[in-house]
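There's a structure below that I have some questions on.
In this document, chain identifiers A, B and C correspond to the written order of the chains, with residue numbering beginning at 1 in each.
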Amino acid sequence: MALRVEKRFDVPRWMDWGLPLISFALALAVGALLLGLLGVSPLKAYGEMIRGSLGDGYGISETIVKAIPIALCGLAVALAFTMVVWNIGAEGQLVAGALAATAAVRFFPLESPFLMIPLMVLVAAAAGGLWAAFAGWLKARWSVNEIITTLMMNYIAILGLEYFVYGPWRDPMSLGFPLTPTFHDAARLPQLFGTRVHYGLFLALLVAFLLRTALRWSRWGYEIRVIGQNPRAAAYAGMATSHHIVLTLFLSGAIAGLAGMGEVAGLQGRLQPGFSVGYGFTAIIVAWLARLNPFAILVVSFFMGALLVGGDTLQVVMRLPLSSVQVLQGLILFFVLAGEFFRNYKVCLRRREDA
Amino acid sequence: MTASPSLVDLRGITKTFLGVAANDDIDFDVRAGEVHALLGENGAGKSTLMNVLCGLYRPDRGQIFLSGQETAFRTPRDAIAAGIGMVHQHFMLIPVQTVWENMILGQDGFGFVLSKKAICRRIGELADQYGLHVDPEVPVWQLSVGEQQRVAILRMLFSEAKVLILDEPTAVLTPQEARQLFATLRRMREEGHGVVFISHKLDEVAEISDRVTILRKGRKINTVRTSGVGPEELAEMMIGSRVVPAVNKRAAVTGETVFRAQELSVLNDKDLPALEGLSLELRRGEILGLAGVDGNGQTELCEALVGLRRLQSGRIFFNEREMTGASVRDFLGDDIRYIPADRRGTGLVPTMNLRENYVLRHYWREAFRKGPFMNWEAVAGQTGRVTERFDVVTPSLGVPVRMLSGGNLQKLMLARELDGNPRVVVAMQPTWGLDVGATAFVRERLLEAREKGAAVLLVSEDLEELLALSDRLAVIHKGRIMGLLEDPRRATEETLGLMMAGRPLTSPKEGD
Amino acid sequence: MKKGLLLSLVIAFAVCFAGSAQAFEAVAPEDLKVGWVYIGPVGDGGWTYMHDKGRVAMEEAFPGVTSSIVESVPEGPDSARVMETFVRNGAKVIFATSFGYMDFVQDVAKKYPDTIFLHCSGFKRAENVGTYFGRMYQARYLSGLVAGSMTKNNVIGFVAAHPIPEVIRGINAFTLGARKVNPDVKVKVVWLFSWFDPGKEKEAAKALIDAGADVIGMHADTGSAPQAAEEAGVYVVGYNNDMSKYAPTKHLTAPIWDWGAYYKYTIGKVIDGTWESDDIWWGLKEGFVDLAPFADDVPQDVRDLVAAERARIVDGQWDVFHGPVKNQKGEVVVPEGTAMTDADMLSMNWFVEGVEGEMPK
C-alpha cells in the first residue's frame, strides 16, 4: 500500500466553510493537549482567550483595533495577488504611508480636520502607492522579480522611518528620544464611542467594498483577474499587462499606506519606530486564508485580531509564558493552512501494482 | 552492414495515461556505435518511450533488456547506473554551481573528500575526446544555451553512460551550434556509444542518423535504415496516409486579396529566427491551408499575423491598410480573429466561467460595457446565444471552463472567434485532439465562415484535413514557404513530402 | 533633590497636580495584583530578565501579592491594550518597563485613575503615574575604569542599542571612566536600533573586534556580545546582570541592575497606603545599580581604584558628570567646578571626548 496525493479537479462546496472549521477544531484539540501538559485547564484557557477578545465591548473593540491594519494590508496584498503579483512589501508601504501622513502634519498643519484628514489620506495613499509602484515599474520594464524588490523595500522604508524619527523629525521636547511631536487635534482620526476603534475602520470597510465591486464588476477588475489567471490569454485578449502591473501595485501600496496613516493618526498621534508589528506580513497569511475575497479578508482579520488580543489575556490571567501562547496561535494557523492543502488535494491509499 | 549487438532493447512497451495509450506495444533497440533517430510528431509518444528507457516511467507492459539481460529500472538512478543517460530539453543543471560541481551532482562513487583536480582533469579528457570544450570553473548560468547543453552531455559521459538519449537537442541551438553537436554525436558513434536522437525535423534525422524509428499516435510505424529512405517517405510515415474525407464543400467564390504579409521575419521565444522573410496573401472567401512539420514557424507566423508577436522586419496589410506594428486590439477591431492551438494555455482562462471566457476577446467593445463597468447582463445574453448556436454542452454558463471537454472548449473558442462578422480567421490546429463529431463540427464552421466571406488561414499537421478544406495549400519549412499549390486536390504525396522536408517547389504553378 | 528632578520638564509634560496629591488607600497583600509589561522575553538574559528577578524578589518579600507578566510587548498601541487588560483583570499596580510605552501609559492611566502606573525611564507623570530609573551611569563609569585599565590597543568597542539619552549617557560615563585611567583610549560605537536582537548584537561585537577593539562594552539586552567576545578572545564588560556565564574567561565585570530594591520599596508603600506619584532616580548609594564581580584578570590596583571612586560617588562629594567635561570637538561643555544638572543628563545627546561614533542625524 502506498499513500498518494492527487490534485482535486472539483472542490466540494462544503469544504469552503467546513474545512476551516474542522482545522480549527483540530488545532484546539492539539492545543488542549499541550495546555494539559503545562498543567493548565484547556477549557479555562480557551474560555479566557474568548473572554479577553470577544467577551465584552472592550475586548471586541480592541480586536477591531488590531484587525484594522491587518485588514487594510490584507486587502492591499490580495489585490496584487489577484493579478499574481507577489507584493511582499505591504509592511514597507504601510511605513511609507505613515511617514507621508506625518510629513503632511509637519509641513501642512491645517486647522480644520475636514481638510487635514483628507490630505493625510491622500498623501499616505500616494506614498504607499509610489513605494509599491516603483517595484511594479522595475518588474514591468526590466522583469525584476517583485518578490525581491518589494521585500527589500520594506527594509528601506523602515530604515527611512528610523532616519526621520532619530533625526530631523525628532521632537525637541522628547529629550532625544525617537518620537515626532504629537499631532494637533485636527490631524487625529476620531475614535468611536470612547474606544480606540478609529475611523480607519470605515476606510477598511470602504476599501473592501470598493475592491469587491471593482474586481467583480469593472472592466479593470476583469482585466487583472485574467492577467492573474492566465497571462498568455491576457496578451491574446490585448490587455496591457505592464501597465496593469504598475497601476495595480500602486493601488495595492496605496491601501497599505492607508493602514499606516490609520496607525499614526488613529492610535499613536505621533510617529515612533516600531509602530508596526509586522502587519504587512500577517496580511499575507490573511489574504490567503480568505482566498483573496475582500469580505472574507475582513472576517479573517477580525479572527486574527481576536487571536492576538486573546493571547494577552492568557498571559495575564493564566500566567502562561508568551512562548506557549505563540505555540497555540501558531497551531491554529498551521492547521487552517494545512486544511487548505486538503481542499486542493486528496490523499488516497493505493495498492502497489508490483512487488 | 552486420548488426552490432544491442546495448539496450525495449520490447512490447505499453504505457497508458488516463486511458490513452501513449505507447502501444513498441519495440526499440539501440546498438553500439549507431545514432538511432526517433521520429514523430508532437504527441506521437517519443518522450514517453524515452522516459521509460531512462527510468522515469515504469511501463504498464513490456520488457527492457540490457545486453541481452532482462532488467527493470525503478528510478533514473538505476538507469544511470546501467549506463543510460538522458539529456532533457531542460538540462537539469544547477545554474549557480560551476561546471565541475554539476558533473558530480547526484553521482555515487566519490569519496568523502572530492578531488577537484581529478574531476577537472577528467572533464578535460572528455572534452578533448568529444569536442565538448567548456571551462569547468565557470558557473553554469554564465554559459550560453549551447554550452549548457554541452555540460549536460558531458555529465552523461562523465557518469560513463553508454547509451545517450538526446531529446530534441537542436530545438534550442543556432545552426552553428547544431553543426558542432553533430560532430560530437559522430565522435560518440566512433567511440562505440549508442545515441538516441529524438526529433521531428526530417533533414536532421537524415543527416545524422544510421537508423530511424518512426512513431505515430503511440504506435511504431517502422524502423528503417536512414540511407534507404528519402525525406518525403519519412514525412509520409510520420504524418500518415492520406484519405480525403468527404466534406460538404461548396466551390470557392474567391474574391480579392484582403490580407497580405510581406517578407515577415520574427524570432521565437528563445530569440532564434522563426520566420525568415515569409510572404503570404489571403483572399476573401477562401481557406488557405498551411502544411508543415510542427515547429517550423507556424505558431510564430500565426501570432505575427494577429499582432501578438513583434516583427523584426516585414509588413502586414489589411485591405491595403498597413497594420504593421499595430496592437492586438487594432487587429481585433478589424475583426481579424485567431484560434490558437493551445486552448487551455492561451485561448481560454480555464479557471474562469463561460461568460468570462466568451467576452475575453470582446470585453472592450461598446456592447459589453457600462462606463468603467462590465455589462455582465449583455455578456450573459450574448454568451447564451452563441453557445447555443455553437452547440456548447455545459451545465451552466457559470461553471469554470476547465470542467468542459476538449470538444466543448474548442466550440466555445470558435463561438467567440467566429461570432459577428470575422473578416480574417487564423486557425491553428483547430481539430487537434477532438473526436470525430467535434472535428466535423469545427470544419463545418470554418467552411461557413469562408462562405460568409472571411479569409481563413488554416494551419494543421493533419494533411487529410488540409486537403479536404483548403482552396489553396502552402507548405512551410524553417520559416519559409516552400511552395503554394493552387489546387491541393491534385497534389501528389511526393510533392508534399518533398516540400515538408525542405525542398522548394520547382515549378511555381504545379497542378495548373 | 529627587523631588525637584526635572522640574522644567514636569511643567512641560506632566499632567498638573491639582491641589494635594491623591491618596491611595492601603491594600492587603492578598488583594493586591501587580502586572509587569516587558519589552523582551524573560529569557533574554539581560534587561527583562533582571526586571523579572526584581519581580520575583518582590513576590518573596510580600507573600500573598499576585503578579503576572506579559512578555515581548512592542512599544506601540499594543502596549495600551496589554495594560488595560491588566487593569480589567484586577491589577492595582502596573510596571511598564520600557521607555516607548510612555504615551500609552498616560492614555490608560487617564482612563483608570484608581490604578497606579509606574513607568521605567520615562519623564511623564500624573497623580497615578510615577516614573523610576537608576543612575546606571555611575556603575558604567566604574566599569569604564576597568575597561580603560585592561585595553592594550587603546580601542574599546561599544555595542549600543538606540541613540537615546539613556544609552548616550552610559557611553559617555563609560568613556570618562576609561580615559581617567588611560587618556589615549578611544571608544568606538556601533548602533543596533534595537533592544533585543541577539544576531545583530553578535555581529556588531564581531565588527568592532575586527576593527581593533580589545575590550567590548555594551548596552543591549542579551548576552550575545559577550559570547562573541569570548569566542574572539577579547575582554568584555557586560550589562544588566553578571554576564560571565556567556563569557566565562573574558567577562571583566558588568554594570548591573537590582530592580528588586525598587519594586520592594514601591509595593511596600502601596500596601501601606503611603504611595504618591514620584520620580525615583536611585544610584549606587541606594543599591539600585552596582558592578558584577570582577574577573580574576582584573589586578588589585584597579580594584582599589574602583573602590575609591565608588566611595566618592556614594558619599555624594563627586559625580560622574562634574566638570570639566569636553565634547567630541574638545570644547568644554561642563566647566571646571560645576556639575551637570539632572535635566541636562536626562536629555544628553552629545558625546564626550574620546568617543568615536556619530549620532544618527
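Convention: a contact is a pair of C-beta atoms (placed from the backbone, for glycine too) under 8 Å apart; a residue touches a chain by one contact, two chains touch by 3 or more.
Because the structure is predicted, anything quoted here is derived from the model rather than measured.
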**Request:** Report the most central chain, judged by the distance from each chain's C-alpha mean to the global C-alpha mean.
**Result:** A
**Asked** If you tally contacting C-beta pairs, which pair wins, A-C or A-B?
**Response** A-C
**Asked** Taking each chain's centre as the mean of its CA atoms, how far is chain B from chain C in angstrom?
**Response** 73
**Asked** So how far apart, in whole Å, are chain A and chain C when each is placed at the average of its C-alpha atoms?
**Response** 36
**Asked** Distance from the CA centroid of chain A to that of chain B, rounded to the nearest Å?
**Response** 45
**Item:** Of chain B, residues touching chain A in the complex
**Value:** 307-308, 327-329, 332, 338, 340, 342, 345-352, 356, 359-361, 363-364, 369, 372-374, 376, 402-403
**Request:** In the complex, go through chain A and note every residue touching chain B.
**Result:** 9-10, 217-220, 222-223, 225-226, 229-230, 232-233, 235-238
**Request:** Flag every residue of chain C that touches chain A in the complex, lowest number first.
**Result:** 9, 12-13, 35, 41-42, 68-72, 74-78, 80-82, 84-86, 88-89, 91, 99-100, 103, 123, 162-165, 168, 193, 346-349, 360-361
**Request:** Would you mind writing out the residues of chain A in touch with chain C in their complex?
**Result:** 52, 58, 62, 65-66, 162-163, 166-168, 173, 175-178, 182, 196, 263, 267-270, 272-277, 309, 312-313, 315-317, 319, 321-323
